[in-house]
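So, here's a batch of structures to check.
You will see subunit A twice below: alongside subunit B first, and alongside subunit C after that.
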Partner chain A sequence: MLSKINRKLLNMSDRSIAWLFTLPTIILLIFINIYPLIWSVYLSFTNFKANRRGMEIKWVGTKWYEKILMSEDVWANMQVTAHFLFWTIFIQAILGLSLAIFLNRKFKGHELMTTVVVLPMMLSPAVVGVFWSYIYQPQAGIFNYIINFFIDFGEFTMIGDFVLAPWSIVIVDTWIWTPFVMLMCLAGLKSIPDYLYEAAEVDRASKWQQFIHITLPSVMPFLMLAVLFRGIENFKMFDMVNELTGGGPGSVTELASIHLKRAAFEKWRTGYSSAFAVILFVTVFGAGSIYVKFLNKLKEK
Partner chain B sequence: MKVMLRGFTLFALLVVFGLSNLAMAKEKYITLGWAAWDPANALVELSKDFTKSTGIKVRFEFVPWTNFADRMLNELNQGGKTFDLLIGDSQWIGGGAVNGHYVKLNDFFDKEGISMDDFLAPTVYGYSTWPKGTPNYYALPAFGDANAWVYRKDWFAKPELRKAFKKKYGYELEPPGTWTELMDIAKFFHGRKIDGKKRYGVAIFSERGSEGITMGATSALYAWGFRYQHPRIPYKMKGYVNSPNAVKGLEFYKELYDCCTPPGHSDAYMMADLDAYQSGQVAMMMNWYAFFPGIHKNENVGFGKTGFFSNPDQLSKGATLGGQGISVVSYSDKKDLALQYIKWFATPEVQKKWWKLGGYSCHKAVLGDPGFVKSQPYAQGFLDSMQKVNDFWQEPFFVELMLPMQKRLHDYIVGDKGTAKQALDKLIEDWEEVFEEEGKL
Partner chain C sequence: MSTNIDTSRSPLEATAFSKRIAAFIVIIYAAIAIIPMLLIVTTAFKSTTDAITYPPKILFKPSLEGVVNLSTQRTRQSKEYLKSLPPPRTWYEKIVRKRQMVIAGPSRFFQRFVNSLVIGFGSTFFSVFLGTLAAYAFSRFKIPLKDDLLFFILSTRMFPPIAAAVPIFLMYRKLGLNDTHLGMIVLYTVVNLSLSVWLLKGFIDEIPKEYEEAALVDGYSRLSAFFKIILPQAATGIAATAIFCLIFSWNEYAFAILLTFREAQTLPPFIPTIIGEGGLDWPAIATATSIFMLPVIVFTIILRKHLLRGITFGAVRK
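And then the complex of A and B:
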């Protein structure tokens, strides 16, 4: 019997073997990814509420999509998300690249310094949210103390002020994730062969020219990959912001993900939240695809 | 030898485990769910008498307030059997009744001679009935509560402060009778140095996530005559929710938040208020009566340093209802034992002991006792408050009504977005949308 199976396996084509190996993963993916996705698309056209047992599910057409796209509040959430995305990525890209260039130099203790710099990345974002709420505490927190040490602003609150609160979450996210961008850039810097710089030296290229024509183009694909990861991650950012500001004050830090969570698991508007999740998915998927195409073109160059 | 020893150890473990399981299976017990806070400890103490008299043990699962509603409502929605008895928030009564989570208690009350007339009417209305005000009971009033105030009696008694206050405002520094007076006092203390430390005016509710800012702001709104709907036309909210007086009440609460709360008080509920008060930062604090026994015995602010007063009046009387009723969960396999607990809990003797231990009884035998008012310094305030309480919507879908109110109020009060009128107008739009979806409009 066993030899029969062996013979059959040996006679299989490469294509069949490939299918045999990938089929379990494909089946698993269908059950845990594709099926829920299709199901949530279906739910987005219904009035379904997950907390109502035995509720009759009614088809509501595109009602939720229209409501979401016409809602001032949802657009405000999207603006908050865009602000958070843009500034975190922008600052992290600059700081991450600068740190990588700095740590790429072989100086005494640079290995220890690299380890220390990446520490924030190893913490849970929810935990970070909680302890930064203490750091931002206006009376006892160290943040206000440091700021007031340099410039005396008096009493001010980072997470309670509607102007400062959006920046408070940008600062914390930058603190956690700049090391990640730095590590990616560092990998790019390490991959640049020394002879390129030597040739540039021979050609009497200045340090700035070496940076523009050698360092930056070599690091750019790594940096852009880091930006892609950070973009996707921050688009669905929830835990840190939820712990730190809870979306407040008012709704000035209510990211799309917080709005989605409230609709799905507090109001239990499953149909509505499914529609919003689909819209977010299409947005991320579309933006991600365009970005990856751009990234590939850059790599080809 | 080693193998024998291992075998023997395994056998012994199995015997012990098996016996303990058998003992647990034979033991009669019920599980009671409530929030994790001071009164829960008093209930544990009280329930020992129940076990003594019936032999039924009571197990408890107390959930922190931040997760209380999520945990309990999910349990009910899934038809969970974890709890036999639940002390659920007053707003849950509609959902508990309509969705079949709670056992209707009318027949049981009739059979056991438990009369709702023995309990304070507003608590029966608030904690037990659905539809509201009808004699359909789904809970026994278990823990009366309302949003009220504490103040630093020792600061109020300082002659130099009393003199300065009278000079500035023209009347004596006493616990405020109106919100206007409360504002004067808050402004007076805000930023003032007392005993060498900078102090602030008030700690009020401003929390965004669950129900905090709604519970706080409605304390002011009710005093300005805010109503949820037309008294005779259900769900007609225009002109009531956004009445000119309601707008004034909301503006007032924002002014109080802006002028007189400690820095960083932008997301504060029960615990944050307690922290601000007990650490000596503020002169006054709003909070639930449930915390007052603890404050009265607090080493920093208790033992005579704190006074208590009910929610101030303004254009009318009003206070935000807290508290809970105790219900039998319909999915429980031990409903008979749970009902025995309710029968025991409803007796006047148990209710008297409940109050003594720190639980706010709603039984008239306790509240009507001639010695009640003087039994605790906050007893008079509690009685006053319970006569003027109002509750939030208690519809089965109250969470969907609560969250928009949280958003609109926080946007306006803390987030400085728009005007009070705009916030209340938008709130009506949100609520109308929910009522339309639920087929009420």
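And then the complex of A and C:
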């Protein structure tokens, strides 16, 4: 009996195997991803509050969307997010590319160095974020100690300061994610075939010319892809900042995700936060698709 | 005759001088980047007072207070009461007594650690299992709307976790899955599925189709060819994918802090709540963080060849 079933299973047609193999994944994704998403969209048009059970759900139309798009607070959050996105990507691109170029000179021990440099990227950003608040401590923190060692500012605080706090999260993010940009650029550098440089040597092109005309154009697509990944990830940034500054002081480090968490799980404004979530998703998705199209055009060139 | 032209080196290879400069700059960066990690490990062996002195102590008397504080709950007692007690029997009781406290019981760290293990390995198993099947089907069969489906699977990752957490929280509340191991395993399985399908599809794509076709000609059925040819060939890829899924679940914070509170709480939301007297207990937190990051560091070293591939969902293959 059992062997009969076995034989039947083993002799399944390709088509039934394809269904059998993909369906569980698709069903799970529909239940845990699509269904909540649709529910979210529905809730964003209602006055629902998740902490009040059994309350009558009323349709409020596009009230929350209007409120969000008109709200000055939300625009302030968007500015904070933009500041964070721009500077992390800018610094990481420059640092990552330079590190990759240096590592690609293949000095003795460059593989070991790559592994060491990569480590911060793999650690839990939240847990590491907690520890950075110790590093930033105004009294006993090693960050302030090192800064004061070079230039004496006296006692100052990174996390508690309205001007410095946005930079404190940029520094930690740079520490975590520069290795990622570096690895991407390194992959780009390794993809350049040797004969291009050989031809350039024959043509007596200077090292600088080789860099501008061979190295940079070949690495660019990889760097752009890295920027895409970092952009999406940092637009969603939550864990590290939530532990390090929690959005404070005031709301100078309140990124979009932190604002969403405060609205959804502290103020329990479920309708409002659902609308905000939908807006965020559309933004990431839209920006991502435009960027990918741009990237493909660049590749065709 | 001038024969001292260096011919041992191709013109493409960097000169010894430029190599030295490169090494110097990279080492400086690495030295700065490694300070926070070294600080975590050293703070784990500091006493609570040494951890908050200024200037920060580079040299200090190693203490096991961190690990004791991490694994126990303590209460402060009056001097008279402490004197009335029999002398401390164990080394850890001694450390606690010195701070005028007595041990009240074990801490919750161990339970959270087990939660992290159960949820991490559970979700990894399911997402790699389902991911391998789906990746094989996507790699080898004609599936209607295949590209759209694959893009849909990937796009689930673009949704900010906090945004997804709102409806999942509501759904789980109805199903009674909030703060349960099962709920977290299901959730992490789904989040990791996009990664495992995309990564594994890349690995399986690399296995030549001829292997299977030869087996089919030899009278193997599709399924037995899958089990006997594809699975062994994809073993490295499956292992790498599993490690990536495990690291993700192990490190995940956003869902964990919103959906778990006690029973199923994992380490990332737990570690920041380790509080000593007058604020966070840094040696205990550092000990917890060290224990927490050790497996990740080991895995990173094992995976170093596949790192980029894992992080870009298989988009960049080195």
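In this text, the second predicted complex is superposed on the first by the 273 of 301 C-alpha atoms of A that agree within 3 Å, B and C clash if a C-alpha of one lies under 4 Å from a C-alpha of the other, contacts with A are read in each partner's own complex, and residues count from 1 in each chain.
Operating definition for what follows: a contact is a pair of C-beta atoms (placed from the backbone, for glycine too) under 8 Å apart; a residue touches a chain by one contact, two chains touch by 3 or more.
Model, not experiment: these values are computed from the prediction.
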- First, second, both or neither for A:L69, with subunit B first and subunit C second: neither
- Message: Quick check on the superposed pair: does A:L29 touch subunit B, subunit C, both, or neither? Answer first, second, both or neither.
- Response: second
- Message: If we overlay the two complexes on their shared chain A, which of subunit B and subunit C does A:I147 touch? Say first, second, both or neither.
- Response: neither
- Can A:L216 be said to touch subunit B (first), subunit C (second), both, or neither? neither
- For A:L103, is the partner it touches subunit B (first), subunit C (second), both, or none of the two (neither)? second
- Now for A:Q139: first (subunit B), second (subunit C), both, or neither, which partner does it touch? both
- Which of subunit B and subunit C A:R269 touches, first, second, both or neither: first
- Message: Which chain, subunit B or subunit C, ends up touching more residues of subunit A in the combined arrangement?
- Response: C
- Item | Partner chain(s) touched by A:F156 [first = subunit B, second = subunit C, both, neither] | first
- Note on the structure: So the subunit A residues that subunit B and subunit C both touch are 137, 139, 265
- Residues of subunit A touching subunit B in the complex: 47, 51-53, 73, 136-139, 155-157, 159-162, 245-252, 262, 265-269
- Message: Quick check on the complex: what are the subunit B residues that touch subunit A?
- Response: 70, 73-74, 77, 79, 99, 208-209, 262-267, 399-400, 403, 407, 410-412, 414-417, 437
- Query: So in the complex, which bits of subunit C are touching subunit A?
  - Reply: 11-14, 18-23, 25-27, 29-30, 33-37, 39-40, 43, 51-56, 130-131, 133-134, 136-138, 141-143, 149, 152-153, 155-156, 158-171, 186-187, 189-190, 193, 197, 221-224, 226, 247, 250-254, 257-258, 267-269, 271-272, 280, 282, 285-286, 289, 292-293, 296-297, 299-301, 304, 307-308, 311-312, 315-316, 318
- Per the touch rule, the subunit A residues reaching subunit C in their complex are 9-15, 17-18, 20-22, 24-26, 28-29, 32-33, 35-37, 39-40, 43, 50, 95, 98-99, 101-103, 105-110, 113-128, 130-132, 134-135, 137, 139-142, 145, 175, 178-180, 183-184, 187, 190, 194, 197-198, 201, 222, 225, 229, 232, 235-236, 238-239, 242-243, 256-257, 260-261, 264-265, 270, 273-274, 276-278, 280-281, 284-285, 288
